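Can you keep this structure in mind? I'll have questions shortly.
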């Protein structure tokens, strides 16, 4: 296996094909690979199949831009900056996106099983919920569980009377996305990945995926990260492409580096109440700029600096929040 | 100072204050509490500063026993990890939940029914208005020993229903099996049964669940009547067991909520 | 749940009852709670049921001292300091200990399942091995899978034709020991645990267990450990008892602190080739001293200091090894 | 210096040197290698310093891609973690193994049979002499894409048997199913099939496995004959495919082994 290549964001995203299954690092509005989301939209990717532990601003944006054919996850929204994923909701209501709802543990275990190389993991969560109601097996109802789609399995899940305690338990099938895109604080020149703060489900998402793109605020000497291997999350041989891109998670937040840009997300959310609103927003912030560098210039240093975290706290002590 | 432990009077507190205080009082000292974004964060932080000093709060993002000095605005907020015992990830948090380590959980919902089934996915069923989806709501509600729902009720009758239009998170009874017969949770979960909904706290009252898993009014907030609580429900609420008024916030609790926990007025606007 | 109590080693070990199921932190001859092993032997615990990810000097010692009724694991030995666990081997050959052999993944998954609160975990390892041969289900053959023993389940394992890919997979049942005893570098006053260096399977062993004893080189202020929560392994509410005991892993090694005492272990191993040899060794090193403090005095500072790790390397740069 | 790449002559190297060099040559550049204590550590370190500069070594203890400057003496040795990419634990290492990420593994054994089944548990079956047990041997042998066994053979005929007395680690064929019929690994593992034993390297020769999963002599070490290899096996070894002599260590390999990798003479006594 060749060592990872250090490339531009554009080059990395060019490797992703229409119809690929994607997942992402991060959690709701934290540590999302937003620069990659903008570039996926700019490159007009189509028919993506998202399988995510949870969604957030990033997947709602992909949905709004028409990149998504299938969405499988447990949640989408913008935390306090926007009540729900309005693009995704509209496309689901209009039946423009096929969706499969899961519990959080289910979505997590799909990737954890994929990461461990087993076909399923068992869980007690959450017997009785309507995500498990056969009437809501949307991929099944669409006839896609017939083996014709390499990303869609035979069963949404299995209820198994397990012999050890004679109780019902759910078997949740593994998922192995084609790509995981993850934004982190630091990556070594040879691909060793360090995440500062919460790791969320990054390790499961990355290890389940066939290919990985790591976007980092900074590329640093390997030797520096290897001085403290207990603090690192991933060795370089899981990584295909490395991109160095400061502020690349904006408008989502990055522990120890910058806060989510709440007003920016809230403005985005407000625009997404109609397709026209989103299209206009995308025209300004995605298609209206050449690349992420121009996007940052458009935001301006004053706005960005206000988000910067205080190193003693891990977050900004000056940001106006209330 | 001698005034601190006294309860405030109507007009001296806002509905949100009482909601937060009533929720905080559900925590016992030493418990492990699983909380979500918003009011639950206020409630656990208030409990830790009043009757439950050694209670511990964990978030599904993987932040374990944080000691935030500034109110977090999401469970993945950097503020959650401040002075945390452990900052790891979802496998840890949900593993603790599934292995029965969570004593109490705070949740919200768009709809709740008389068995404590919760909906956060679709208003009006799968052809209706799409919401955010489950997130951890369903896992936590189904696997915590006790879960406490915090919801607005005044003029929100449509949120308190006979039967939720989509069961995101299963309560005490729900349709089960090939014939989808209403079955008690204990029967379905068997050896994996850990508990279920313990209370629903609204801006009108505190509700609990009887032996049969049905919701009843336990205490009514000052200024409301039991009858008004029933009128703000779409189902026939049992008000026969109401044991009196919900204690109002103490002056200490109000001081803590407004000046210590949320001085930025993020939730306590 | 009450916060953990800080107690003496003697008090902590007194909580363990004859017949309890035990597991331990560490790996082979690294980071083993040896002071606790000595104390278990001194307190003459009997009929212990060990379920371990792997064994080492510690479990062979318990076996030699007659503390063990059932041993379930995948390995026992002393790495380069002794080819195999001679006490355990002799007691197995003489049928004085009931044993159940597992693959390393099986033993690991038993505790991982216990930690996650599920009755089993699935694995592909290692179909075709004789540990899975029904003829070698020793607890079953001894009639102990009838529900009479709370530590022994109905089935050693189950082969399951899983429906997702139609392949055979093994379901390995959870184990939930009564106690896990773990030695670490640092614990906070309220029980937050930090392990430096490899964590092995400590997290799984601890979280699977009903009660936990943490023995640390040092008890430190909570606030110190909580400055970097990503470096900590465990919150205090999993911990029942805390014991402060420098050098408490001797003669096994502790990353960043001290090396395994190879000659000491080798001398122990040589003594264990006969029961008489072990008894004599135990008379000198376990029963012949009042407690761990006296044991350390008997070893002497000169011997111990030679084992001390160089902080830049995590191990000793002066120890004679070849 | 121009001499470095030349191969040494009989008498200029010890049997252990050739064993280490032959093992090291199994690694291809860029591979992920799972190694155990002892000779395997020498082999992967030698490979990394010769033809496989970007090969990566992982240990079951959880040490991932360490760059030790001193030879470790166990897989949990602090030396394994020196300049490692990640130092975590067993769930990580075995997860990588089970998900098919391991290209090559080095293992040892007390007994091996013609199908590559390995015994490290009991010599002479469960009523015989107790050994250490499996450790990771069985997991690694069953789930790595290729595994390489390193074993002594001279005067150790009893270790090379028709049928091992206990299958700790399954090879290419083993008893399976209720009737315990000898079955090919591919059939048993189905979609979980990742590979199997690729070579056995001894102090007499290098052995590989044919299409049927049976061991044959591939190269014979200088100083021995194919016939002698067969005589040091308890089963009827196939020597018809032998393709010549095992290349001896180069002077560079000897220099690396003795002066760079194991100058303390821990393994290379």
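Note that the chains are named A, B, C and D in the order they appear, and that numbering of residues resets to 1 at the start of each chain.
Going forward, a residue touches a chain if its C-beta (ideal position, glycine included) is under 8 Å from a C-beta of that chain, and two chains touch if they have at least 3 such contacts.
Treat the numbers as computed from the prediction; the structure is a model and nothing was measured.
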item	value
Touching both chain A and chain C (chains)	B, D
Contact-richer chain pair [A-D vs C-D]	C-D
Separation of mean Cα positions, chain C and chain B [Å, integer]	40
Separation of mean Cα positions, chain D and chain C [Å, integer]	28
Centroid distance [mean C-alpha coordinates] between chain D and chain B, Å	57
Chain D residues counted as touching two or more neighbouring chains	63, 81, 87-88, 97-98, 191-192
Residue numbers of chain A (touch at least two other chains)	117-119, 123-124, 165, 167, 169, 197-199, 230
Listing of all chain pairs that touch each other, if any do	A-B, A-C, A-D, B-C, C-D
Residues of chain A that touch chain C when the two form their complex	117-124, 153-155, 158, 162-165, 167, 169, 171, 173-174, 196-199, 230-231
Contacting residues of chain D [partner chain C, same complex]	37-38, 60-63, 70, 73-82, 87-91, 94, 97-98, 121, 126, 129-136, 138-139, 141-143, 166-170, 174-176, 185, 188-192, 262, 264-266, 269
Contacting residues of chain A [partner chain B, same complex]	27-30, 53-55, 73-77, 79-80, 83-85, 88-90, 92-93, 101-105, 108, 112, 123-131, 133, 136, 165-169, 197-204, 253, 255-256, 259, 309, 313-315, 317, 321-322
Chain C residues touching chain B - in the complex, by the definition given at the top	1-3, 114-119, 188, 192, 207, 223, 225-227, 229-230, 232-237
Residue numbers on chain B that touch chain C, as the complex places them	30-32, 54, 56, 63-67, 81, 83-88, 95-101, 103, 191-192
